[in-house]
């Protein structure tokens, strides 16, 4: 192979705040890239992953970013909201691609304002909308009381404006119940929630706080079936709560779970079985692993399109163009079909709702998008403030 | 079997500062010996070298030998030395301030390895120092200086020592207490045959009660001998005894000669 | 002697249940050396702490040169002309002897952090001016040889002398010494006495001294006050007060000559 | 009213859970005189150990006992390898050492056992316990009982002669040596016991929030408890724990709705500040004895 | 060898008070200053922007804190909050049209005012209790910043620094940002060195050592402590502002969280309390060692030196880093500056082994 390799910087937090997800997510990313390389690369170009721990510290993120850039990386994934937010300007100045699937700034979906930033998956706003939509189509929303129990951080507060607007439209009641970060102790919050007697509870957190939320909810007599979670709810959380106790809980998901998918089957066959996997093979097919795989399928697809259309050597601007050419791409069924355009970097904001059965996540809705106008408005206003200096 | 012998001991602080330079001494069992010397001569350092307490001050024995009975002390840690019957009453008392006098004594009790019961030892201490018994329940940190000194000595006695080293026990004490403490030291030495190594500034009182004394200056032993002999030495008289305690301080406001034996 | 510089009137101090000073009154005359003696725990240091502002007496008042000083904080009292040393040497570790003594000039300096920004123009001049006074005191107390040593490595006797030097640098009108000779042998005691006398004479100070060395007390103090258990048990010219039977019993004991 | 009582009761239980994490901190301070910034890491380590032993197939109770033994041994080891060489150094340096240790453990333990969250199942059911409309958290109920038990045991321990010796050691290392106390052994012992306390905290918290490195952040509520109660007082752990728990539950219970955010940490911070300003040594802490 | 004490004679008080009385030290300082000035020409943008630049700024921050902790003995575990106050207020000022130079000063002043409130606690307590009080205030400041969108920059809690110029030179290139940071750090360094030699610095040290002895020679402990908090907070605030403008470019609350406070304390302690060299070494150690270790281990792994799981690889730097802190403390508890000092002393007395009598 004498074709230039394509370099991706996967500079993530393996040791601090996001340890609950990074391991599996990054393993999925690496395994998929290995699969691509095993299958001959992208038009003969191998993909090289530069993997570094940033410990979620901005200065380590900056260093890793600058170093990887010097080594020629043209795509970055920090899987860390603060690091991504901190580097947005730099990335746009350097004209390299930053993907922020399921983290980072939600308004980065606005492609004209953030030309080099690609959420590629549903923002938290879209997630809230899709969850609301699922309730609407199953039990109806009107007259319901919804409690949003969230971690008290910008991320936790993020869905509120969208939900409030939907509440106005659909005529239900909504109230926020913040708990102090990191969320390992939420009892006072749940005493309040129980007295509110909600019909549905949204839990909006990540990591340990999520399983504490679920436990507290169940202990307070809330039926798991009435719980809706942001995308960060996985098998490990279920085990922590007690796999059987959590049956019926529903979450947003951006990708399918399990290995029942052509890409995952090929990963198992060509990467895991020959022993080329990047980690513990029991993780293959887990929620976060599959999210990792999906992020890379999109990136590789973008690279493929860019090479096809613009030719080697691949650069940041070319890769950006590649992303904006993605149309109806669904990673062979692993994720909803997304179409990324110069104005919409979210790819439509698709996702679905799935339910915990005691051993796995079973989809209860189709890939869909919801309340696009409300979400779009939120993205626009937020992006406008950014464009106006912030 | 509990004689103490130092030969040629050298101590360096902080890897650079040579504090004592080849000190040799010998103390026989049951003897009462004083180590005299001016400030900074190295008296405390010598005692710490014997009791093994140089470590925390970044001091190190770089040369020489210290034997107690027939054990070489240098390889033992401080608690092991106490176990062998060698105890050091530190300069400045250093009682456990947040503990009561009673608890101070408990802390020093050797438990299973002790020969006598704690109650027996404690009562003996209180017999020597009845005043401590009165204050047995208040925090030691609030005792007066003299009481703390008594407690420090009592605490040392609870370890059932064969040799006790006292570093300036009279420091800051009222004359009446100095007399009391000295007489108790003498009593302990006489009655129980406890070997005593006494470091003191109060040379006059010290030479009254000890058998022999060493004089240390600038980290070196400059003189030694029977108490009576030393008392008769004119230099000792002038620099340590103040000519029999009858100095007219108003009259000394003129140039004084320095010690002769200094280089 | 003339009028009193320091007047203590009916000083009372409690610590929890302990009545450490039970209505002590005393007057110290201008230019005299006044001894404060008594058994351990009798309240000497407590009285001195009241005078220098560390403890507020619960009852009673203290006048210095006619001005009430009880209730003032220690640094104000220092600025008013009283300097002191401590029973347990309280020098600043990590500073050299010189710096410690220079600290004594603090009340004449302007401790403004901005000085550091314009060091060459402002602070340096100030420092140099004060150095002259410091060198004088160093001369007086014969501390030349240790001037640049770190203060914690010099012998205790010298440390006490440095503390005295630091106190003198503040150009006080009254000097309070808490056991300046504890832990000294005869020779060092003699040196210390000489320095105290020199300083008192040359700088025209009034001195309040706590000391357990009887020979020193009787020979240098003009008058003494003897405390026992927070009470005044004797006051007067040194030799008379010290031979008071109550003092002998409480403080000196049978073998007074031994010390 | 029921709401208030519920906040009160649950706050008290949570406070006891924090007290559990704080206990080891006080034990070490009380006997070695060192604020141990690695106590949170010890809690995390204990939880990982118990999880690991359980994952080898040991029944949970055996795993807990074995974990306690291992943690005790680890405490001794820490003294042997590290603290022994720091005796007599300024406390701030020893504090720094514990900080280094916490960093090391925070790397080592998740590095070896895996960073993704594990779970410990103590078999505490999730079914609600509701007495007269006052809900109680079963896990915290059990945690609170364990905390009371361990705190009680520690109080008794410090009444013994051995306990007195440990307190002496914390007062003055050099003086302890001089009277034949093995400072090393005392410090080792106190770390060992703190290791056992860490098992209690680690297992109970681990069963609630999952086992991962975030358990080590329990250090902060623990320190709050300790400052409030008095840094060297076991009674203080109890009272401080209850106070932090109750105030941190009741006040936010009424305030959050208006503040538009979770006020718990703010409340705790303010409590700490006020305590320090009003009573610098905590409710039961010992004063520094400083004689001029 | 390199250092010669002999032959150094001072004939006047001012001469004896020079900053660097020994010629070899002056040489060293000169060479380092020159290297720092030429750095943009000498090293690549990667090293300038990701190593030299943050190192300088963190050094300034560490020195600010060291002023308080090292010289004044006041433990402060909420210094990141002070920096945050400086950063946020300077950005808001600059956005409001205040020129950068004044925005920096304004940031410093705001930090000084609020930082002095932190100091009020120090009037009551010391040691561990002060640690807790400052930590609590860190939480309060954090909470306010992240719960008041007007401060933190809206729902995304990100606040971008506007384009500014310093003394009419636009701060838009890496080199320009580097020189601003260098200027500030040099200023801080000189200030710190000088403070130690002024009556203010000595009063601080005196309070740290023995507050009662300081009081008795006329040092007002209240005023001195508050001034120390004010000065350090001002410097910390400006450092925070410089960090925001010259390095981060956009601030989020996490950048000034309490773990950052702990890192700052670690910088001061690992470096050596109250030492300028220690400030540089400590900041370098805490900031750069994790980065260097991460790259080193990744490099070794890539070169096939070992093959271990991604998870362990990621955690190895933490393990080594913690291990190094422990190792240094066991080896030299007084910090990196002391190690430096020992080496220097070794050469000073060379060829003799011991000084003293």
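The chains carry the letters A, B, C, D and E, assigned in the order they are written, with residues numbered from 1 in each.
Throughout what follows, contacts are C-beta pairs under 8 Å (C-beta built on N, C-alpha and C of every residue); 3 or more make two chains touch, one makes a residue touch a chain.
Since the model is a prediction, treat every value here as computed from it, not as a measurement.
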* Asked: Of the other chains, whose C-alpha centre is the longest way from the centre of chain C?
  -> A
* **Chain whose mean Cα position lies farthest from chain B** => A
* Asked: If you average the Cα atoms of chain A and of chain E to get two centres, how far apart are those centres in Å?
  -> 37
* Taking each chain's centre as its mean C-alpha position, how far apart are chain B and chain E in Å? -> 47
* What whole-Å value do you get for the distance between chain D and chain E if each is reduced to the mean of its CA atoms? -> 32
* To do: Go ahead and note the Å separation of the Cα centroids belonging to chain A and chain C.
  => 73
* Structure fact -> Among chain C residues, those touching two or more other chains are 54, 86-88, 90
* To do: Enumerate the residues of chain A that touch no fewer than two other chains.
  => 14-15, 23, 152, 280
* Structure fact -> Multi-chain touching residues of chain E, meaning two or more other chains, are 147, 212, 311, 314-315, 317-318
* To do: Provide the residue numbers of chain D that touch chain A in the complex, in ascending order.
  => 3, 6-7, 10-11, 13-14, 17, 106-107, 110, 114-119, 121, 126-128, 130, 135, 137-140, 205, 208-210, 212-214, 217-218, 221, 248-250, 252-253, 256-257, 260-262, 264-265
* Structure fact -> Residue positions on chain B within touch of chain C in the complex are 17, 36-41, 92, 142-147, 168, 171-180, 182, 201-205, 208, 238-242, 245-250, 252-253, 256, 259
* To do: Show which residues of chain B lie in contact with chain D when the two form their complex.
  => 51-53, 55-57, 77-79, 81-83, 87-90, 94-99, 103-104, 106-111, 118, 139, 141-142, 155-156, 158-159
* Structure fact -> Within their complex, chain D touches chain B through residues 87-88, 161, 164-165, 167-168, 171-184, 286, 289, 291
* Asked: Okay, in this complex, where on chain E does chain C touch?
  -> 13-14, 17, 191-192, 194-195, 197-203, 205-206, 209-210, 212-221, 224, 227-228, 231
